[in-house]
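As structure tokens, here come the structures.
Shared between the two complexes below is chain A, which pairs with chain B and chain C, respectively.
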Partner chain A sequence: MKQTLFKRSLALLLVLVAMMAARQVVAADFQANVQTDIKVFRDFFAARFPEVKFADYANGVYAIDADACQQWKEIEEFPPYSIAVEDGKVLFEKPFANGKTYTAYFQNGGVVRQNYPYYDEKKGTVVTLEMAINECRVANGEKPLEYKGGDIAKISAYMAFISRGKPVDVKVESEGAYKAYMKGKEFFYAKRGQLNMSCAGCHVKYAGGWVRSEILSPALGHTTHFPVFRSKWGEIGTLHKRYGGCSDNIGAKSFAAQSEEYRNLEFFETVMSNGLSFNGPASRK
Partner chain B sequence: MDQLHENKEKTMISRILFVAALIAVMLSTGELSAEVITTKVLIEQADAARKEAASIGYEWRDTASLITKAKEALANGQEEDAQKLARKALIEGQQALEQGRLMSKQWEIYIPKS
Partner chain C sequence: MKRFVMIAAVSILMLPSPGKASTLEDKIMKGKQISSDNMKGNCLACHAIQGAEMPGNLGPPLLQMKLRYPKRKVLHDQIWDATKKNPQSIMPPFGKHGILTHEEVDLVVDYMYSL
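Let's turn to the complex of A and B:
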């Protein structure tokens, strides 16, 4: 009797060990697959633009266009986003109706840009900085802000500004995170809309090429410098506002800002930029 | 057996006569022309294709507005314009759906090779 019990316990233990080992192998595979993707991505741009230093990809199109870069540097002497950053600081420090502020929700005085986006295991979804700002507001009894621009872009700009120089290091460590990453990856490479174009079509295959009077930016580093003050917008706007504009440009129906589709896309693009530094906000044409 | 065949034939003939009479009434009253039926069907087909493309994340930018314009044109009695808009919307919806189905199978071929 005792022998049977012992054998059964041993068998159960072996099964549990095997299951744990299998899980570890799968987790290791996620990381390995992502690292392979990152290498392929970087190698592509290193071959396309051999003269560009890796760190400079955080500057977007200005990394590959010397003339425009010179003009941009001059603009940066009196950056058009500075007012948005100042407004964002005021908004960030202003107490909610319950007396608390964003600092009670965001640690390190708001120097947290580098922690977003991340995959939240409990929620089972990707959380972005703008999404977290609204979660903070709702948790404190405030109404959520509109996602494309306005106050949320100003608060995000301030938080990006005080987080400048922090490294991009997005982890993909679980099955849920990997699924979100893969959805973002599929979105990035799949062609859409009347023009049958993809994110990768413009910003990988044709990166450095011309669209009318503009040079197409490389996808590597795309998410490091948002939110941005665009001359075209005349105000500061979020990454998802830009995503919506891109969808529109290729004749596809845009998704809502902070939709699962765009959050997964941001997750994938930011993973591809691991190793660069966050340097937002920025100014763009 | 012959009785059974005879009954079936009678039923069939009466159905055909009923449908023919119905169409004749509709056309004679002018309430529903053949062209309008086609446009309505086209609009419904276009909207169904649009919704199916949207369900897989591949709806195109202008399809919904084309359908809205087609409905407005039809309501205003501009049948020719309504037909053109509905046909364009249907083509967009079908192509978006085809694009989505194709991309879900082959998106990985666009990844740069190492």
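Let's turn to the complex of A and C:
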């Protein structure tokens, strides 16, 4: 009797060990698959722009065009986003009605840009910095902010500014994270809209090409420098505002800023940029 | 007499009729408008065309079209649905996606043949 029990528990133990081992292998596969994708992505740009240093991809289109880069450097001497950063600092430090501030929610004085986006296992979804800012507000009894521009972009700009130089290192370690990553990846490569175009068409295959007077930026580094002050907008705006703009331009349905679709897209694009440094906010045409 | 009627008929046919793109020149003009209108053809976003400023360069320059496309239909098909020839093409399938009608594509072809 005792022996059968022992045998059974041994069998159960073996099964458990085997299951755990299997899970480990699968988990390792997620990261390995992603690593392969990153390599393919990076190698494409390395072959396309052999003269561009890897770190410079954080500068968007200015990494690949010397003329545009020169103009941009002149603009950056008096950066048009500096007022947004100052405003963002004030907003970030101002106590909520309950007396607390963002610093109680965001560790390290708000030097946390590098921790976003990440896949939240408990919530089962990708959390971006802007989403976390609103979650912090709601947790403190404040109203959430509108996502495309205005105060949230200013707060995000301030947090990006004080986190400059921190490495992009987004992990894909669980099944949930991998699924979110895959959704973002599919979105990125799928042709959509009346013009039947994909993000990858313009920002991978034809990166460096001209669409009338605009040069197409490489997708590598797309997410490192947001939010951006765009002269066309005349103000600071978020990454998801830009996503919406590119969707509109190809006659595709644009999704809401911070929709699951765009958060997964941001997750994918940021994973592709692992190894670069966060360097936001930035100025753009 | 008979001959005179014929000449008269031909000359009437050749008169530009208002509102309609009847003469080839009219058609070329209309085709040009459609191909540079960024809500219509917007060909310049991706193709260089002689005389056009600030063209894009994702596609090849559009020149010597009559020589390269002796068959109208081949050129019409390329504009109607570029993904037929190249499923990965970034060129929008103008006809298939309802951006241009057959009539409009025809006008663009007339314009292309003048290049």
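In this section, the second predicted complex is superposed on the first by the 285 of 285 C-alpha atoms of A that agree within 3 Å, B and C clash if a C-alpha of one lies under 4 Å from a C-alpha of the other, contacts with A are read in each partner's own complex, and residues count from 1 in each chain.
Everything below uses one rule, namely that a residue touches a chain if its C-beta (ideal position, glycine included) is under 8 Å from a C-beta of that chain, and two chains touch if they have at least 3 such contacts.
Everything numeric here is computed off the predicted structure, so don't read it as measured data.
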For this session: Label the relationship between chain B and chain C on chain A in the superposed model as either fit or clash.
Result: fit
Exercise. Between chain B (first) and chain C (second), which does A:K73 come into contact with in this model arrangement: first, second, both, or neither?
Worked result: neither
For this session: Would you mind checking which one, chain B or chain C, touches more residues on chain A?
Result: B
For this session: Could you say whether A:V204 touches chain B, chain C, both of them, or neither, answering first, second, both or neither?
Result: first
Exercise. In the superposed arrangement, does A:V40 touch chain B (first), chain C (second), both or neither?
Worked result: first
For this session: Name the contact category of A:Q194: first (chain B only), second (chain C only), both, or neither.
Result: both
For this session: Report for A:E261: first if it touches chain B alone, second if chain C alone, otherwise both or neither.
Result: first
For this session: Considering only the touch criterion stated at the top, classify A:K171 as touching first (chain B), second (chain C), both, or neither.
Result: neither
Exercise. For A:K285, is the partner it touches chain B (first), chain C (second), both, or none of the two (neither)?
Worked result: neither
Exercise. Touching A:A252 in the superposition: chain B (first), chain C (second), both, neither?
Worked result: first
Exercise. Can A:E186 be said to touch chain B (first), chain C (second), both, or neither?
Worked result: first
Exercise. Upon superposition of the two complexes, what minimum C-alpha distance (Å) separates chain B from chain C?
Worked result: 7
Seminar exercise, completed: chain A contact set shared between chain B and chain C covers 194, 196, 201, 205
Seminar exercise, completed: Contacts from chain A onto chain B in the complex sit at residues 36, 39-41, 43-44, 186-187, 189-194, 196, 198, 200-201, 204-205, 247-248, 251-255, 261
For this session: Name, in rising order, each residue of chain B that touches chain A in their complex.
Result: 54, 57-64, 92, 99, 103-104, 107-108, 110-114
Exercise. Given the complex with chain C, which residues does chain A contribute to the contact?
Worked result: 194-197, 201-202, 205-206, 209-213
Seminar exercise, completed: The residues of chain C that touch chain A in their complex are 44-46, 54-58, 83, 90, 92-93, 97-99
